[in-house]
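One structure is given below, represented as structure tokens, and several questions about it will come after.
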Amino acid sequence: MKIVVCIKQVPDTTEIKINPVTGTLIRDGVPSIMNPDDKGALEMALRLKDQYGAHVTVITMGPPQADLILREAFAMGADRAILLTDRRFAGADTLATSNALAGALKTMDFDIVFAGRQAIDGDTAQVGPEMAEHLGLPQVSYVIDLNVKNENTVIVKKETEDGYQMLEADTPCVLTVLASANKARYMSVAGIVNAYNREVEIWSADSIDVDESKLGLKGSPTKVQKSFAKGLKQAGEVFEVDAEEAVGIIVSKLKEKFII
Amino acid sequence: MNFNLTKTQELFRQMIREFAEKEVKPLAAEIDEQERFPAETVKKMAELGIFGIPVPTQYGGAGGDNLMYSIAIEELSRACATTGVVVSAHTSLCVAPIMEHGTEEQKMKYLPKLASGEWIGAFGLTEPNAGTDAAGQQTTAVLDGDEWVLNGNKIFITNAGPAHVYIVIAMTDKSLKTKGISAFIVEAGTPGFEIGKKELKMGIRGSATAELIFNNCRIPKGNLLGKIGGGFPIAMKTLDGGRIGIAAQALGIAQAALDETVKYTKERKQFGKAIGQFQNTQFQMADLKTKVEAARLLVRSAAFKKDSGVPYSPDAAMAKLFAAETAMEVTTKAVQFHGGYGYTREYPVERMMRDAKITEIYEGTSEVQRMVIAANLYK
Amino acid sequence: MDKSAYKHVYVFVEQRDGVIQPVAFELLGKARDLADALGEKVVALFPGYQIANSCQTLIEHGADEVICADNAQLKDYLTEQYVQVITQVIEEYKPSILLLGATTIGRDLGPRLAARITTGLTADCTRLEISEDRELWSTRPAFGGNLMATIVNSTHRPQMSTVRPGVMQKREADPTRNGEIINFEPKLDESKFKVRLLETVKEDKGKVDITEAKILISGGRGVGCKENFEKLEQLAGVLDAEVSTSRAMVDAGIMPHDRQVGQTGKTVRPNLYFALGISGAIQHLAGMEESDFIVAINKDKFAPIFQVSDLGIVGDVNKIVPLLTERLAQELKK
């Protein structure tokens, strides 16, 4: 079984703070991490490696610094890592990103492509399904569990708003996974010691199977017109009192506001 | 000269910090409160290979270095000093002497299980009448046919109980004084070997600290570690390495108290402004931060020297002395900055202050470190 | 591309088991505003099976036309089946704008569709407007809700956006509205159907969807464990409220994901929101700060939740909640 996992390096948005005076984002010192849903996807792939000896390739598109998450993937147990990096990829929206990834995948052999459902910097959840379309492969998104039925079929559990669905998909297919699907493993110490002794393959736009007009800014239908920070509302009163008194305050406030 | 961690060490720091934050820190208050050994955390650490960081891969270890090991102890202790010392005592005091002084057979027998964390290690040197003066050993080992027979008691032994493998120092020939001391490997469950009462401690309360009791305990002849009469230098060398671990533990505690205090003094308001805005706070905090950074450089320099294979005994002593005293100072001041809240268990700084104290005492008190440093200065 | 060939505001009408989802009505309401600004029509694009009876209600809620694709293959949502039918509609009718709900269906369908017809798609929008040059401006949160970005697609058609449920206002049904219903016969290529639905399970989470609740009792890390959430359930029982949670409790496996409020969970705007033992990470705030009235209880007096709460109490939720439950039970009996 051959698996490819698409991962992305993202700023840890939980560490982003808003400057209370200017209302702008403070991005300095925000660490870069492997996107949480992608880590869930990688964990799902690594479990297939544990169970069936699957060969796991990770691929990311990004600047040279994105090498870090590929090393992390090695240290978690990935077998092969590819960094798609080229100025021609820059400025890509989800469609152009999905074209680049699909272009790379077209040159590879695989049974399952995993991706995270969405990245925490953009929260679009679009790249996975768009990539599946370019590849002409079936997709299931919001995957929280997976079982291999036979050589050509997987059974997946898809989370929905009010429960879940069980779906059967022919392979090869594209699955987008939620971080909550599993608890991703930590890098192992031995894996870390070896991570930088291994080769990350660097691919450019010339290495992949895609028309260059579909890449980067040129290949992106959507543009950011403007962006602005979202202000916080004003704080209300805060009381530091004992439990009895607190209950009294809450009840009288709710009455005052006609909520009860 | 390069003060940066290597990429590998940096990746390791990222992993161990995340692990410490997510798996270790949430349990810190609970295991302290309940004086409970963190068995669940030990299992998780074992799976990741944290019990075999500097052990070569041919013995089932991760093949890492002592600097990585010191980072592990620092980061774990930053979250929970108890967890830090479990790994430190295991690695520095049991795994290291087997790695450095064991026969190939002993290494093959013990290191894979110790490195994988399937077995935990401990070290027995201190006795009721042999503390700082370690040469006053009263535990004896007598060769009887193919077996050594051990008699005596060891006290204040970290990991006693949970550990499976104990390095035990005993007198094999009293007339030779320190040259009559030898080291042995004793497995838990050996007849005549029992764990005595568990100590109730001020700090690091989750770590198991207990007495080892040997009553005609017979171990195979092959469990002698090193040469007959070679035990004293083994013990001293082991403690040299152990001091890097304890220095890293102290550093982690100091860093944690510093972090907590920065957070608190940014938010706590008195007289209309955050107390971190007062110059008295800022100057004291600047001094503490400087000491923590200086301690870190001493710890890393000692670990780096050990990795480079050059003598590091005084470096380890200086690192431990300075980091331990810094930890005590930072945690004490952290409690002071927190005021009444700092004295309560609602905030972690009181635990850190209790935990910090032991770093000035075990694996050589601060006085012993000064003796080691001075002896090297006047040799 | 000749953009002038593309006209009208289309809404993908999501149904499950034949029941039109609330987000479809919300989108029709918004589409009406956009179409009026453009002087164009609102078209409801309605795939499903045995749904003909529901077309009229779409007109009453703002549609000028309904394109109804009633086919047994479209009974349950499956990506490829739906993409084929909608692609055929787009090719035939050339919409200028296509809106979908940012539900698990809309967010699966939207990008696949956008890639097939090669156009841009903006995800999970919270604001839509028509610019002076008649483009669709879609505004959405990014960076964990820290930043708002307005996205345009001025080169490709249709302009597509998925829209967050619960954000747009639906219109009251107007039974006097008239509109045209067009039956659309899709030509489905079954050889492309490679995913089969085995089972749909509604988990009896026993409760109302948290986005629909008027009162939410939301518990976070400070609540701690499953047993303590029982106390929250009791308070919810008294107030006829629902229990929700923060990401930390979902990650810890204590609460299910469908109860999660926040950037990666659901956006809620109840009349009353209790934030209990929730520190107020920015992602959480993104999902609840528009609640009408927010009561926060937290041990940490510096918790950021107190910056958005209308009433804050510094204290232990696990002590206060049982007392509050008891007191409210008495009050409400009166």
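A few remarks follow.
The first chain written gets the first letter, and so on, giving A, B and C; residue counts start at 1 in each chain.
Going forward, contacts are C-beta pairs under 8 Å (C-beta built on N, C-alpha and C of every residue); 3 or more make two chains touch, one makes a residue touch a chain.
The structure displayed is predicted, hence computed values, not measured ones.
Using the average of C-alpha coordinates as each chain's centre, B ends up farthest from chain C. Comparing each chain's Cα centroid with the centroid of every protein Cα atom identifies chain A as the most central. Put simply, the C-alpha centre of chain A and that of chain C have 21 angstrom between them. Chain B and chain C have CA centres that are 53 Å apart. Here the CA centre of chain A is 39 Å from the CA centre of chain B. Within chain B, not a single residue touches two or more of the remaining chains. Residues 79-80, 83, 103-104, 107-108, 110-112, 114-116, 118-124, 137, 141-156, 194-203, 205, 209, 215, 239, 250-251, 257-258, 263-264, 271-272, 281-283, 285-286, 289, 293-295, 297, 301, 306-316, 319-320, 323-324, 327-328, 331-332 of chain C are the ones touching chain A in the complex. Residues 6-8, 11-12, 14-15, 18-19, 47-50, 52-53, 57, 61-64, 68 of chain B are the ones that touch chain A when the two sit in their complex.
Residues 11, 13-14, 16-18, 25, 93-95, 98, 120-134, 137-142, 155, 158-170, 173, 178-180, 220-230, 232-233, 235-244, 246-251, 253-255, 257, 259-260 of chain A are the ones touching chain C in the complex. Here chain A touches chain B in the complex through residues 68, 71-72, 75, 186-190, 192-193, 195-196, going by the rule given at the top.
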